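Contents: one structure, followed by commentary.
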Amino acid sequence: MPPLYPMKLINIVANITLEERLVDIAEAHEASGYTVLDARGAGSAGLQTGALDGESNILFLLLVPESKLDQVLADVEKLMKRGHHLATFVSDTQVLRREKFD
Amino acid sequence: MDLSNLLIPAVLFFALGFLAQAVKSDLKFPPDLAKALSIYLLIGIGLKGGIELAHADLGEATQAVAAALVLGLGLPIVAYVILLAGRIDKLNASAIAAHYGSVSAGTFLTAIAYLSAQQIEYETYPLIMLAIMESPAIIIGLLLARFSRGSQAHDAENARENHMGELLRDAFTNGSVMLLFGAMVVGLAVKPSSLDTITPFFGTLFMGALSLFLLEMGMEASKRIGEFKRVGGFLVVFGILMPLIGGAAGLLVGHYWLGFGEGGVLLVAVLGASASYIAVPPAMRLAIPEANPSYYLTLSLGVTFPFNVIVGIPLYHYLAARLTGA
Amino acid sequence: MDLSNLLIPAVLFFALGFLAQAVKSDLKFPPDLAKALSIYLLIGIGLKGGIELAHADLGEATQAVAAALVLGLGLPIVAYVILLAGRIDKLNASAIAAHYGSVSAGTFLTAIAYLSAQQIEYETYPLIMLAIMESPAIIIGLLLARFSRGSQAHDAENARENHMGELLRDAFTNGSVMLLFGAMVVGLAVKPSSLDTITPFFGTLFMGALSLFLLEMGMEASKRIGEFKRVGGFLVVFGILMPLIGGAAGLLVGHYWLGFGEGGVLLVAVLGASASYIAVPPAMRLAIPEANPSYYLTLSLGVTFPFNVIVGIPLYHYLAARLTGA
Amino acid sequence: MPPLYPMKLINIVANITLEERLVDIAEAHEASGYTVLDARGAGSAGLQTGALDGESNILFLLLVPESKLDQVLADVEKLMKRGHHLATFVSDTQVLRREKFD
Amino acid sequence: MPPLYPMKLINIVANITLEERLVDIAEAHEASGYTVLDARGAGSAGLQTGALDGESNILFLLLVPESKLDQVLADVEKLMKRGHHLATFVSDTQVLRREKFD
Amino acid sequence: MDLSNLLIPAVLFFALGFLAQAVKSDLKFPPDLAKALSIYLLIGIGLKGGIELAHADLGEATQAVAAALVLGLGLPIVAYVILLAGRIDKLNASAIAAHYGSVSAGTFLTAIAYLSAQQIEYETYPLIMLAIMESPAIIIGLLLARFSRGSQAHDAENARENHMGELLRDAFTNGSVMLLFGAMVVGLAVKPSSLDTITPFFGTLFMGALSLFLLEMGMEASKRIGEFKRVGGFLVVFGILMPLIGGAAGLLVGHYWLGFGEGGVLLVAVLGASASYIAVPPAMRLAIPEANPSYYLTLSLGVTFPFNVIVGIPLYHYLAARLTGA
């Protein structure tokens, strides 16, 4: 059985205009990469149907070792403090090949 | 004011989309199609604007640009004052105001379809004005927000981040602005025989593609009705009042300043009356994150847009005809 | 029956898509493109139907509508009886049956392309019939399901939820129905000069867009072959038998009742023979959730559709020509 | 470090025609919002390629506090009892800013 | 309350050309189904903008009982050994209706 | 070499996309639109190739096919040798090399737009050559990889998996190859009157759709600049050197072997100079997974493509004109 290693999965739902900012955060903390999915939805910022950029969400996924979690979340929190509408949630997960994500 | 004039494809498809959503039809539009169509339409307008600019009289064009700047900078200030009077907080007021200085391409193109259906001639300067108006509207929105933050000392960080350089950069690198201006340059720079190779795509198909876009926008507008409660009565009223003010401003500017005919005056009125839902919302997302997108999207897409398409255009047309004595 | 008649773009692109999938090509079609094309094609058919309706003879149109209702209500009942005879459970039988009362727009348009390629004239009433047939097919499917549930006492909740009002509502607010009828109204209501502005988009491009759609549908049909095992031999046979029955019914109705010529009779045969894969599956998803979508999608998309495009159309045409003595 | 609060993430894979029903469930239980992603796949209801509405999936994501989990799942279960084909799975997660999701 | 049963959720981010291979793995291990979402991102294989097939990611989701996890991961590991660029992570989750996924 | 010739829509839209990305505009293109456009363009090229093939002289066509094979098989070998000399590992060298035996449809079509804008005639055999060149390029890439693996004994499993049968199968069932050849067969097999029904879609719109595609590809190319660091100086230089070598080979083949005129020679030069970014990358993903996609995508999309569009085409044209004495 291939071994699995614990890792944190940060999930962020945000408007698509924030994609570059989130990529910047991933790069600033030297994450091994990131994944983006187009999404729609609704929340305190209203309905996000996905039809126009102003009302399109993304789901931004970031795998980081636990050691980086706090710093990344601190940067995400900064965006939220500025007023941006983000839904951020963190899950425990386990990866194949730890060295890819360190 | 003959209502049968509204029986044009653009308006009917908008109504069909609105109706489909209102009766909870399971009709679904793939999200990427709407985005593809809006890119296409912006390029189409830009190209047309560029071609017209090539033939334009320099003096008249300068006047039109000046008028566009006045509308794009002035209307947001009017909107901001009204919104503050209605006890909307300053940052939401700034963000909403910016939308009304800019233009809804969908509404503007519906007005052109409306004129074409009645074979009414129109000046083409409003096409150029449309492109011009995006950036000032965004800039004034940001300036208002900056001023609001200063006075509220609400969020030092946002105030700092938005220094003047960034601010101008964002206003001119806005995706819609780049498409409009870029396509305008193509329309200007390319010689006609070469432009002809892309005219079947960007020109001949234009009105059909607009109909498809408006079908989807009708659905979008209708979905926003569910958000009226969240937005509140005052803002919904504002979403109808403000296009009347902007439309009046446009009528006056189009007639007394620019001296346009019936068609041109109607188009300037629509520039004044309509509110952006493509270009400005993403700009406000980044620049005034404290404002609630639900407010400005509901207003521009759910209130002002259907009001202008169904009521506004024939009304402004009636007034434009009276003004110009047509 | 000259097979070279099948060498038309629509059929060849269908075959190309089918082949690409069959040889496991890595050709991929973005899902949203298929959806965009189906919206486009439904609007195109609707507009054409509306324009034709404007010129139609009222008596003939009424007959055509009546015939459409008979086919749309009758064929599902025939299908249901056959399916029960084959020991398919009642709810799956109801859901499958509904598909055969409705029409595959892709197949119908291929038949039109096929006629055009041979310069065979055709009556245009079938265009209107196509739009009419969606709703009865959905309604009869729901009635059959209701009746099945009652007798099976299988699921009191679903039976209750689907009271008659809901049922009619769903049948008429179905997305495809709204696009077809909405566009038909546009085609009827808008004056020709104004329609001309959207004809390059919805008319001139139509056959090319259809080819692209059929390329993708060929891939989809081919993917469904993997599901034959799940669906079982009886249903696969049904998927070939039922279009023959529906086609025969259409031939008789087209010739003896409606008195159409060779082309028109072929089109009515295709209305009878083909099974919906755009409008009806989502309706059945909601109305008969107990049925397995794998059955009805595999049949309509993976069996009946390719059978009609490759074998059915030339066969019905041959028979239509014999019947009408053309 | 910004604090994290436990929350339940409900994941539902369903045909796209069920989107409105799922939104209704989210609203009935006063969830703070919901997120929808387009998907394809396969399961007991056969192949879902995403090409037509009848064969398109969505992934519906719903963050709720543990206190609401049972009621939401009961409603999802009702849909499944009616025969709808849903794949439903629930994960533990942790959110930034609990007050957004309560 | 409808009962929940533990299950493993395998998440794989890969280039879209690998979709068929991943489906084959799911079928070889008789998974009850699978779910695919289109994605973009970046990683050691560079930027994946989603504009062309060569630079498009998918997020492949596979629910399996713990008993199958090792065998599935062994097959995924084989793809990685051949050089394919995959980000694979496994989470604990709980499903409604265990019998659907066994 | 008159630079105003570059003022054609295709090039300007490419530049606009490049610029928008370079100034970090928030302009976004829905990913599915790019994919839809590339499917459309490949079909359009294939159809055009098929129509031309129907009129082609058999002897000349055979020569063109032979020349395509020579370029498609030869250039990757040249590229491979250069890459090894630059100390690129063998598997990455194989994968990159394959891209240069194939063709960038976007670049080729830009060259056609460039010729059309200057009303320069061109032979149509290069259209057929384009379709031919995909498969040999893929095959030679796989053979090089196989050879590399053998000598490196690096990965027994991949070596085993890629036996010759698989290898040929993959090269001919490649999605782009199937679209190009499939559409070519349609163009050949369908009679002109029937082809006319799809010409408005696949022909008349072609240049406009190309402009939209190039707008997006300009953005994509620009995004790749951020990857130059990862890829390294040698490879970036290779991405400019290799098109010069391929272009020279194409010039010589086009003039001395095929005896084409100014336009045709330019097109053969572009076949040689350009590198695939639609067809070959997915093929290499599967066949040479050990190679890093970041290398070959950055080179073909981020270096060679913009180089050819901006510098290459006018340069090859200048040389083609000198060679042919036009």
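The chains carry the letters A, B, C, D, E and F, assigned in the order they are written, with residues numbered from 1 in each.
Going forward, a contact is a pair of C-beta atoms (placed from the backbone, for glycine too) under 8 Å apart; a residue touches a chain by one contact, two chains touch by 3 or more.
If you're wondering where the values come from, they're calculated on a predicted model, not measured in any experiment.
K.L.:
What is the graph distance from chain B to chain D, where chains are linked when they touch?
P.N.:
Shortest path length, in steps: 1.
K.L.:
Just to be sure I understand: going only through chains that touch, what's the smallest number of steps from chain B to chain E?
P.N.:
Shortest path length, in steps: 2.
K.L.:
What are the chains that chain D and chain F both touch?
P.N.:
Common contact partners of chain D and chain F, which must touch each of the two, are A, B, C, E.
K.L.:
Can you name the chain that lies farthest from chain D, using the mean of each chain's Cα atoms as its centre?
P.N.:
Comparing chain centres, F lies farthest from chain D.
K.L.:
Taking each chain's centre as the mean of its C-alpha atoms, which one ends up farthest from the centre of chain E?
P.N.:
Result for max centroid distance from chain E is chain B.
K.L.:
Considering chain C as a copy of chain F, what rotation angle in degrees (nearest 5) results from a C-alpha superposition of the former onto the latter?
P.N.:
Nearest-5 rotation angle for the superposition: 120 degrees.
K.L.:
Count the C-beta contact pairs for B-C and for C-E, then tell me which is higher.
P.N.:
Of B-C and C-E, it is B-C that has more C-beta pairs in contact.
K.L.:
How many angstrom lie between the centres of chain C and chain D, each centre taken as the mean Cα position?
P.N.:
33
K.L.:
Indicate the whole-number Å distance between the mean C-alpha point of chain A and the mean C-alpha point of chain C.
P.N.:
One centre to the other, that is 44 Å.
K.L.:
Averaged over CA atoms, how far is the centre of chain A from the centre of chain F? Could you give it in whole Å?
P.N.:
Going by mean C-alpha positions, chain A sits 36 Å from chain F.
K.L.:
Out of chain B, which residues touch more than one other chain, so two or more?
P.N.:
24, 26, 28-32, 35, 175, 200, 205, 282, 286 - these are the residues of chain B that touch more than one other chain.
K.L.:
Which parts of chain A, given as residue numbers and ranges, touch two or more other chains?
P.N.:
Correct list: 16-17, 37-38, 40, 44, 53, 91-92.
K.L.:
Could you run through all the chain pairs that touch each other?
P.N.:
Listed by label, chains in contact pair as A-B, A-D, A-E, A-F, B-C, B-D, B-F, C-D, C-E, C-F, D-E, E-F.
K.L.:
Going by the contact rule set out above, which residues of chain A touch chain D in the complex?
P.N.:
Counting only chain A, the residues touching chain D are 11, 13, 37-44, 57, 59, 70, 73-74, 76-77, 80, 86-92.
K.L.:
Where on chain B does chain C make contact in their complex?
P.N.:
Result: residues 7-9, 12-13, 16, 19-20, 23-33, 113, 116-117, 119, 200, 204-205, 207-209, 211-212, 215 of chain B touch chain C.
K.L.:
Over in the complex, which chain F residues touch chain E? Could you list them?
P.N.:
Against chain E, the touching part of chain F is residues 29, 31, 34-35, 38, 91, 155, 157-158, 161, 175, 216-217, 220, 223-224, 226-227, 230, 277-278, 280-282, 284-286, 288-295, 297-298.
K.L.:
Mind pulling up the chain B residues that touch chain D in the complex?
P.N.:
It is residues 24, 26, 28 of chain B that touch chain D.
K.L.:
Spell out the residues on chain B that touch chain F in their complex, using ranges where they run on.
P.N.:
Listed in rising order, the residues of chain B that touch chain F are 30-32, 35-36, 39-40, 43, 169, 173-176, 178-179, 182-183, 185-186, 189-191, 193-195, 197-202, 205, 282-283, 286.
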